[in-house]
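What follows is subunit A paired twice: with subunit B in the first complex and subunit C in the second.
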Partner chain A sequence: MKETPLSNCERDFLLRAIEEKKRLDGRQTYDYRKLKITFGTDYGCCFVDLGQTRVMAQVSCELVAPKENRPTEGILFFNIELSPMASPSFEQGRQSELSVKLNRQLERCLRNSKCIDTESLCVVSGEKVWQVRVDVHTLNNDGNLMDAASVAAITALCHFRRPDVAIQGEEVTVFSPEERDPIPLSVYHMPISVSFAFFQQGTFLLVDPCEREERVMDGLLMIAMNKHREICSIQSSGGIMLLKDQVMRCSKIASVKVSEITELISQALLNDKAARKAGGKCGFAESMPQDRITALKMDQTDVEMTNVSQTGSGVILQGDEAPPPTVPSPVVPVPGVGQVGQGLQSWGLEEEEEDDDDEEEEKGYFEEEEVVILYPETTEKSK
Partner chain B sequence: MAGIELLSDQGYRLDGRKATELRKVQARLGVFAQADGSAYLEQGNTKVLAVVYGPHEMRGSRSRTLHDRAVINCQYSMATFSTAERKRRPHGDRKSTEMSLHLKQTFEAAVMTQLFPRSQIDIYVKILQSDGGNYSVCVNAATLAVIDAGIPMRDYVCACTVGFVDETPLADLCYAEESGGVSSLALALLPRGGQIALVQMDARLHQDHLEALIEAATTACKGVSKVLDEVVRQHLQEASVLTGE
Partner chain C sequence: MFSSLKEKIGEVLLPGDEFVFESEDTIFLTDNVKPERPVCGPGLRQSGNRLVVSKSGVLRHKPPHTFWMDSQQWRYVPAKAETVIGIVTSKSGDIFKVDVGGSEQASLSYLAFEGATKRNRPNVQVGDLVFAQFTVANKDMEPELVCIDGSGRANGMGVFGGGGLLLKVSLGLVRRLLAPQSDIRSDLEQLFPCELVVGMNGRIWVRASTIQQTLIISNLLQSCDTLTAPQRREQFRKLQKGGL
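Moving on to the complex of A and B:
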């Protein structure tokens, strides 16, 4: 389905608001939306909510033959599915530009930065290695799928447990989870991507654009870093021209954001570990809000409320004089037709009128430009 | 990675260059008479052919026509014989599509598309021999082809891939250096204003080194722009001699 085009007035509204450093949901320029991480019942399944953007990542593994030029390393495979569930403009099965872009960015962010020790995934050199596959499904698109997907992918990889194997000579035994506890993957570091949207040819910058902001942006800069301040990937997209200082500034902001997000992920992993140990139920069903009256309750967003009355009165003082509390009285050219308002002169109905009496009366009204209070005089005149 | 030393103690790289030296650039404009613009560029051992058609009427999906500017359509493909092992899928796989998107993005920023509303400009790039810095050489070749086609651009678009080894930025990486796990940054620049049309970096690099790397890339791109400028002027001189001016 083709995307509904954005109307010009909405576009202008968004751009003007951004010029005045205001965002639709009341965030500051460098603020992220609320990030919520929940886990599914299986190891390696995690859901990430970034505001209204929701993605799910699932990690699975199987034994395959390794690549010829790398016989001692396991294989990592990433896939982001853009399903029509997330947005009606996504088409099932078609490899759209956005899907290619997201897939390649995620691959570069996680694979090239060597965040997982692939050598430890080798079982029999040259014959059998583990292929770890990360599938990210987008469930709801409200902007910034890249960041949500990167958080989901790395959290799922940290959460995942692969089956234990034992090698005795030529024989390889894979133990099921009941026989032996599965082993977690060895994760060296956690690369997280931070997206910056640029507006008005690079003059304005926003972190974590929502879907509306993404529609009006000029371009996007994605920086993936880990908490050790190592940059894992930088990618600029869209037809914007950047300056070196902008890139440096973005990388500084990104390092701050990444450390916050990494903290959140570690906390979520710890909570999940504790919950599983305590034997509690954890899964998709538990992470959904309960079916009660409070289910649609939204978290209160903080709005800047200081000096509201002062700024309010300031705005009123600056504005033009208030519209008059009175309204021009309705004019009746023909019985059954009434005209009220400021555009009466240009309607041209008076010239077409054959009724002399009414016409003269109205002409008199317009020349005087008399403004009359609606009650109680109109009850007299509209008879 | 054990074994290969990318930067020796005396400051020489694998192919004998110094850290800031670019590879030898040889280029020709107007290699095809049929196309609107074409160029062949060799940077070291990487050989790229770029062909430009346009601006012409929108072909294919009319719905993608833009009312106020031209649409730029790029296609990047590698010849099957371009790499050490025969490439089974020259185009249509994810890496080629991504590269095409990046080229499109780079040229959308540089070409003055507002002058050609409702039309399409096609840029086709083919790698004949791949020896590192694929994206950068493609951008340089495509710039020459666009100039040959006479399409107005804001400035030359020059690109270079730089890497970071032993606290030193290396300009213009070759394949051996790229695959050695070196953090590489590809930068497409408009030299006069210093504006970056595209920046792309893979592999880990500490934040403190980023500034130095971008600086090195900018300097390398400015060097490339001088070479491209020289090539264009020489071509114009040859053409004017032939037309008898």
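Moving on to the complex of A and C:
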């Protein structure tokens, strides 16, 4: 679907406003929009809100054979999905120019800068290495997807925990998260990208352009840096001519912004760690913003109850006979199901005869009885 | 006859709520008294002697017989005789294609402007804004716009001049701005002079004397969607005191 076209009057207004150093939402030239980082319930799931731009990054890993020319290094795979949720002009499945550009920039920013130690991802040299896959999904596009995606990707990589592995001679055991705590990836540094939009052939620049500003800009300069002031990647698109001192000025601004954003990320990671330890609620549902439209707000209204009893009894009379009072057996006779004991006769709380350490044993308190195997294959119930 | 409907005026109704009109028991002695039928506006559908609610919202009434549902949505569906702000996307032959925010682009003939003839074409470029009304708008045909009213006069419609900013707001806010006694409009009048064109497709064009004032008004209007009346009055008051 095509996007709403940009009218001439909007374009002229935006350019004139930028000449007077005014932005649509009242920011200053070098201001970022409000950056909010939240985490999902899984390790490695991170949501980033940059103003109204919203992206989600999810990190996952699996064991694969390594590349032939690098047998001792793990593999990093990045993917940015431009979903139609973000903008009506994004089509599902079609590789648009913007999607190729964003993917390439994210790869240059994170892979070529060697921010993740890939040697530590090797399990058996030449045979099995970890492939870490970062998927970034765009949920809403209000400009500057690149910055939001880079923050989301690096935060998710810092947040992620991979399963622990033990090697004994020839045997390799991969432990599940319940058996041994998963271990974090080793991240050397955090490259963050900062975008600069140029207008009027490079005369005016804005940091963190919103969607309307992106539509009228001449060109874009993207600088990826870490907090140690090392430049990881620079990319200029749009074909504008930039002077050397402009680029130097941008890199100085970028280093200030990057240190602020890195501080924010570390704080968010610490908060999440504390919340998980305290057992508090964390995840997507908690982080959803509550936007309410109050245009047609009503005070409490009474519910019409006059004929509820009449219609209720009418429904009962019309219905078929009541369902039988007995509850059928909940045991499903399929392979892999065993039955322990006779089940509860009453719902009263009886004395606990088991120890409570095992959290999976929450339902039913029963005495030790033998396992009745309904089918040859059973799953063992750990006690 | 409308007693059941009149009880519910100002209440929230949901799709599926029904009102049935019973036929009168008494026979009128004079023949030229016709039974009164209600005039249904948007959100209400009439079939036989039943009135069914099809959109959730608040029931409104205008005497003598007009009822409609006041609901909130962002997506515009073209309807006949509504005035909208459109963006010209292409010129082909005799017609302009205009984007109005609906599912299809509307067509606007170049002769549908005041004082336009085959020799004297209107000065409309691609990307310009036009304020027009629908002559044809139903779900089976391509919508058509004109910039003149029935008698051939422009009546405020036509191409926009330069300057100003275009915003997108919800349809409910647009209807509140266009209502005869509008709180928001009277609050705006207290602030500073500005030009406002309100299209029923959720687009508003604003122009004030300086860019700063235009930006202030546009941000205020966009936030009015999610502010209650006291909060909005608080915002306006803060602005007036703050001065510019």
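Observations on the model:
The rule is short, and it goes like this: the second predicted complex is superposed on the first by the 289 of 383 C-alpha atoms of A that agree within 3 Å, B and C clash if a C-alpha of one lies under 4 Å from a C-alpha of the other, contacts with A are read in each partner's own complex, and residues count from 1 in each chain.
Please note the rule applied: a contact is a pair of C-beta atoms (placed from the backbone, for glycine too) under 8 Å apart; a residue touches a chain by one contact, two chains touch by 3 or more.
Predicted model only: the values in this text are computed from it and were never measured.
In the superposition on chain A, A:Val340 makes contact with neither subunit B nor subunit C.
By the touch criterion defined above, A:Val100 reaches subunit B but does not reach subunit C. When the two complexes are overlaid on their common chain A, residue A:Val256 makes contact with neither subunit B nor subunit C. Taking subunit A as the reference chain, the count of touched residues is higher for B when subunit B and subunit C are set side by side. Shared-chain residue A:Gln235: touches subunit B; no touch with subunit C. The interface of subunit A with subunit B does not overlap its interface with subunit C at any residue. Interface residues of subunit A facing subunit C in the complex, by the touch rule stated above, are 4-13, 16-17, 20, 22, 24-26, 291-298, 301. Within the complex formed with subunit A, the subunit B residues making contact are 94-95, 97-98, 101, 105, 108-109, 185, 190, 193-208, 210-211, 214-215, 218.
Across the complex, subunit A is touched by residues 11-12, 57-58, 70-72, 87, 89, 99, 101, 125, 127-129, 160, 162-166, 170, 172-173, 176, 205, 211-212, 214-215, 218-219, 225-228 of subunit C.
Here subunit A touches subunit B in the complex through residues 95, 97, 100-101, 103-104, 108, 112-114, 221, 225-226, 229-244, 247-248, 251-252, 255, going by the rule given at the top.
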